[in-house]
Amino acid sequence: MFKRILAGALALAVPFAAGQALAQEKVLKAVMHADVRVIDPIWTTQTIANIHGMLVYDTLFGNDAQMRPQPQMVGKYEISPDKLTYTFTLRDNLKFGDGSPVTTKDVIASLKRWGAKDGVGQRLMSYVDKMEAVDDKTFRMVLTKPYGMVLESLGKTNSSVAVIMREQEAKTDPQTQVKEAVGSGPFNFAKDQWVPGSKAVYVKNPHYVPRPGNESASSFAGTKYAGVDRIELVWISDSQTAMSALINGEIDFVEAPQIDFLPMLEKARGVKLMKTGNLDSTVGMIRLNHLHPPFNNPKARQALYHLINQEDFLRAIVGNPEYYKVCHGLLTCGSPLANDGGSAMLKDYNPKKALQLLKEAGYNGEPIVVLQATDHNTITPATQVLVQAMREAGINVDAQAMDWGTVVTRRAKKDPPAQGGWNIFVTTTGGVGSSNPVLHTWLGAACDKGLFGWPCDAKIEELRNAYAFAQTDEEKKKIATELQTRALEQVVYIPFGQWTVPLAYRADRLEGIVPNTGLAVLWNIKKK
Amino acid sequence: MSGAPGPILEVRDLHTQFSTLDGVVRAVDGVSFDVARGETLGIVGESGCGKSVTAMSILRLIPRETGRIASGSIKFEGEELTSLSEEEMKRLRGHRISMIFQEPMTSLNPVLTVGTQIAENVVRHLGVSWKQGRERAFEMLDLVRIADSRRRLDEYPHQLSGGMRQRVMIAMALSCDPQVLIADEPTTALDVTIQAQILDLMIELKEKTGTAIVLITHDLGVVAETTERVVVMYAGRKVEQAPVEALFEEPLHPYTRGLMRAIPRLDVEADAAGTRPRLQEIPGLVPILTQPIVGCAFAPRCSFATDRCRNERPPLVDAGAGHLVACWEVDRVRRAA
Amino acid sequence: MTAYIVRRLFATLPVMAVVAIFVFFLIRFAPGDPAAIIAGEDATAEAIAQVRMKLGLDRPVLEQFAIWSLQLLQGDLGISIFSNLPVTRLIAQRLEPTLALTLSTLFVAVALAVPIGVVAAWKARKLVDRLVMGFAVLGFAMPVFVLAYILIYFFAVQWRLLPVQGYAPIGEGFWPFVESLILPSVALGVTYMALIARITRASMLEVLAQDYIRTANSKGLATDRVLLLHALKNAAVPIVTVIGIGIALLISGVVITETVFNIPGLGRLTVDAVLKRDYPVVQGLILVFAGAKVLVNLVIDISYAFLDPRIRY
Amino acid sequence: MAVTAEDLAPDIRRFSLWTAVRRNPTIAIGAVLLAALLVIAIFAPWIATSDPLKIAPVNRLRPPSERWWFGTDQFGRDVFSRTVYGARISLIVGLSVAVISSVLGLALGLACGYFRRVDGVVMRVMDGLMAIPSILLAIALITLSRPGLGIVIVAIVIPEVPRIVRVVRSVVLSIRSQPYIESAIAGGTKNWKLLTRHILPNTLAPLIVQSTYVCASAMLIEASLSFLGAGVPPEVPSWGNIIAQGRNFFQIAPWIVLIPGGFLAVTVLAVNLLGDGLRDRLDPRLARRL
């Protein structure tokens, strides 16, 4: 056994030596909000996997900062007048990191896999009649109905981005992770240097072809290129350590500094903060399990609204009011569709009433299982505030402590809470996705097929569909208001506010950071 | 080396004290004696009487954290030892005054070879090379009649018998030709036949080298056989001093008499621990040395004691022919003989 | 001697066997179905069953144990549930920082603590001694993580003398390597130093009271020779024993130190694996750590023979 | 040296509190500190100035002041009250681990030292357990179950037991080889009588000393486990948890780490001092060795 380990250690020493030889190369050392553990951005919804994905892979379209889809891998495209047939032609000379050309076979296989796994993709695919290759570079997507959000879906910029993989990986069952991460994005994943739990390394992809014309970069749109030779995503779990390392110049970039440290970062020489976009980046959600008592009863779910004082949560998570906003709605406040349909219920903070309503809904003091993450910057304190509020109200809480990774595993269980299932977990989602009724998958109520908690309401799904086909802004707004009202009645989730975290970086070393709300992108960054 | 006549070692009014949680222990309480060149002086007394402390005081080996020489003078070849620096003292120890100890089993370092332990002394004091030191060690082992001495040099103490170890100790102590050898109970831990051999060896080597010996023992038999002059100590004080013949002919202090009566005969078997019975036959307890002793220290155990004995300390007086004794009732004691 | 070493090596086998058995069954008693964890976030029952079959989890426990042991003997520790990489690779990747940290701590702690203990014993009951003993008692009570944060705050954050976090492989240059190890080694080493200084002092005090030290002093030997050769060599066996016992302390401390200083070593791998319930990795790590500890004990045992001529084999 | 207080003055020592303290100041200091902590732990509800669990996000990260003696943490909880309640957890863990592992260790150690057949098997298992670093073993055991005070105690007990077994066993073996025990065995004295009359009393001194060290190390391990996120549930105000949750704010709110950290250090110190003192008193042979 030791021999093997020794051999492994020796093998490891080689890349170290190599690293020294290339000391002149430009290296970007960045600390993201999480560690890269899963290298398949389709298989998981984790944001970090998608940050990884956007380094390695490219997309057909990319939404810009105004959430308008712009072609990315696609050179030109045509939409038939009946809005049923989309014809896409890839840009010339697109190649994967291994040098092999990108063909429509790869594209179609990738879209199929994405469409089978991602909520937005599933919705799109439900209107797709067929996808067929015209030749190696051109393919056609034929719809059954004139679905209005084809390009927006392909260009989505939050979780489970529709990335294009090689066919051999794209053929992997969507429930199984791909084993290799080879894409046509600006960087190659250096899997041999990957130390899970410590760092993931990306090197410039020599085969990458950026969009010509030097289009200005905006969110996922525009010309993307590799600004440095090498990117190391260093994992520092302790946010204070990450901050100190940035101030000390040991790293160049911190994606999500803790808000309490922002004043110190502002003061630090060489360090700058940057807002990632116009919208608040993160939205907090308390998710209830609709499958099991007491929250299989809408009355019981609604009762919890009276327990939630958003200020308490936001203070505990964010602290500084400059960076947070109370939002009594399900569509991101500040976005065009934000409205106050059904909001009244959320504004009545009254713990006594909560317990009373809960009892009326048949709750008899059974333990409520709360999945309590212990290692998450925002979810951990939020859960603690929730548990405390529930206990104070007199609810019997069984708070089960575990790390966030385990919460992610546990929340998928549909078993009753007493048998390894759960009643409540807390999570967050991106502010960009949540501003669109269709992209906002947590708003869905597709029963078993939906996300954890499995809300089940035909009307909600109907309204989301209707939104996708709405033609005018007025119509969209009307549907959005109706949808939010219904979703709040059904309690698909309980919002507890929204906030934004600026990113921090060494302004004396880096330039050209592309802002993108919700999912940090590292292309175009140059090292001075 | 100054060839000045007179004693090689002069101890005057030595007070050595230890501080303990129960107070100050006056282990040596005003002792004086001389050692002449080439002489063998015996110091006898029960355990705890201060004889070992006296020896340690001469070499200034009293542990500094608890004990100190409170007053008095120790002159070696006319030089005052109590005022020497520690470094000067180190140059003296093992070189011009050396010492051997009671427990040959534990007095040699178990993790160093015999050769190293002898040679380091020579190297340290005579400034010779390690090779020469080793050669000297080899000679010394021969001198103390250890068979197969060449091989023994590389052996560890645990590979030697008790008698051999004491021979090694003697070899070590004499390796730099000291003027004074202090032997603290050198034979107590050995069995009877070995004891005699070691004593014979010491006397023989003394004749050869002219080293003066201070032999510290509780064993009057050993004193009688080996020494020329005897100092008897009790409770940190010298109570009697006489040439050996005079002492055995007519002991003048009641304590000395008590000791004489308790001499273990040489044919008595040693007990399990390897030591022969000590002198516990005198009734009563040794006084507590933390309390100031008024009068004669032996008074509580003395059958001759009077009120004067209990209240006034008897001075040392010359009872004739260099026979000193500290007793108010010498005359009565003499008559009782 | 060789025969003795071989014999002792064989004697470690039953210990390692016990560890292996323990580790195997420890994980079998774990709650939750490993297959479900491996299968992923929203796997179907069939998918889970498939994984279970693939991993052999559907077979009788004893058969599983036999298979696992066989793989173990071939140096195969299985595949990590979370990163899908072989456990041996994960461990190999993390070996260098941990070895560097423990060895540097070991070296620094021994190099400092032994002389400190010797001086304390030599100057027993003096100010130096009291300071040393005070340090030893405090050092033993100080939680490693509290000390680590204090060190980081002053040396890295306030005075900017040393890096806040991270590890620089020796391949990236000697000074960065040393720099990255200073604070973690100090934080990790204080408890260890306290332990060694304490035992050195106690052991030296006992030795200094021995007759042979009196003999050495009566020979007028220089103080350093008496302390460092005559006394220390005799005091060495208990000191070395404690240095060995302390290795266990170091291993436990490494888990915390690496977490605080963000060092990508086995300690952090352990914490991550345990919190993520990545059982194959946990199993592998326990085996490796136990193996290391057994090996250290062996080395210590053998070293006795060199320190004390009375010990014979 | 030839002369010591013991030789010269065997029977004049009178007992007095002051001499006892002077003779053995470590026991006194340890005992006083520990007594103070016990009082804090027992009377925590009266000493604490507010509910240790009460979240008040408005008051987060307040420095120590008249209102919050030890400041507040990132949830606005009162660090003073949490620290006071934390004494309970530490002492409960320390004491129960010490007691449980002593009892188990004693039973196993006696059995091993006394019954040859048990010895082989049990000692193999103990060697195996001892080969696993204790924190590692403890976190591995904790992950097998849901975190809770009970499981934390069990997880710390298991790696500590072998240490106690070893101590007890070695004492038993050395006593067993004494001639008077051998003759008692030959004379047909009953096993239980031998155990309770001769062997048990002799094991108590080293056992008590050892268990104080176990107690101290248990408190440190508990804190370490909490620090690593594998200890008692996060809302429980154990010192390790307070430190773990405050560590992220060390640079802006150092009191959250330093104050409970100080309490932990002092408590461990007190127990260690007590152990050292007891060892010097009860087991001089051991005292010389350590």
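For clarity, chains are labelled A, B, C and D in written order, and residue numbers in each chain start from 1.
Note that a contact is a pair of C-beta atoms (placed from the backbone, for glycine too) under 8 Å apart; a residue touches a chain by one contact, two chains touch by 3 or more.
Everything quoted here is computed from the prediction, not taken from an experiment.
Ranking every chain by how far its Cα centroid lies from the centroid of chain D, the top place goes to B. Chain C has the C-alpha centroid lying closest to the overall centroid of all protein C-alpha atoms shown. A straight line joining the Cα centres of chain C and chain D is 22 Å long.
Per-chain CA centroids place chain A at a distance of 91 Å from chain B.
One finds 40 Å separating the Cα centroids of chain A and chain C. Centre-to-centre separation between chain B and chain C, using Cα means, comes to 53 Å.
Annotation for chain A: residues 238, 244, 375, 403 touch two or more other chains.
Looking at chain D, residues 146, 229, 247, 250-251 sit in touch with two or more other chains.
Every residue of chain A that touches chain C in the complex is listed here, in rising order: 1-5, 7-9, 11-13, 16-17, 19-20, 37-38, 43-44, 175-177, 179, 195-199, 234, 236-238, 241, 244-245, 247-248, 250, 375, 402-403, 405-406, 408-409, 412, 420, 452.
Chain B contributes residues 59, 61, 65, 89-95, 98-99, 101, 103, 106-112, 120-121, 124-125, 156, 158, 169, 172 to its touches with chain C in the complex.
The part of chain C that touches chain A in the complex is made up of residues 31-32, 36-37, 39-44, 47, 72, 75, 77, 80, 82-85, 88-96, 152, 156-157, 160, 163-166, 169-173, 259-262, 264, 268-269, 272, 275-277, 287-288, 291. The touching residues of chain D, when paired with chain A in their complex, are 53-55, 57-58, 60-61, 74-76, 146-147, 229, 233-235, 247-252. Put simply, chain C touches chain B in their complex at residues 124-126, 210-212, 214-222, 225, 229-230, 233-234, 307-310.
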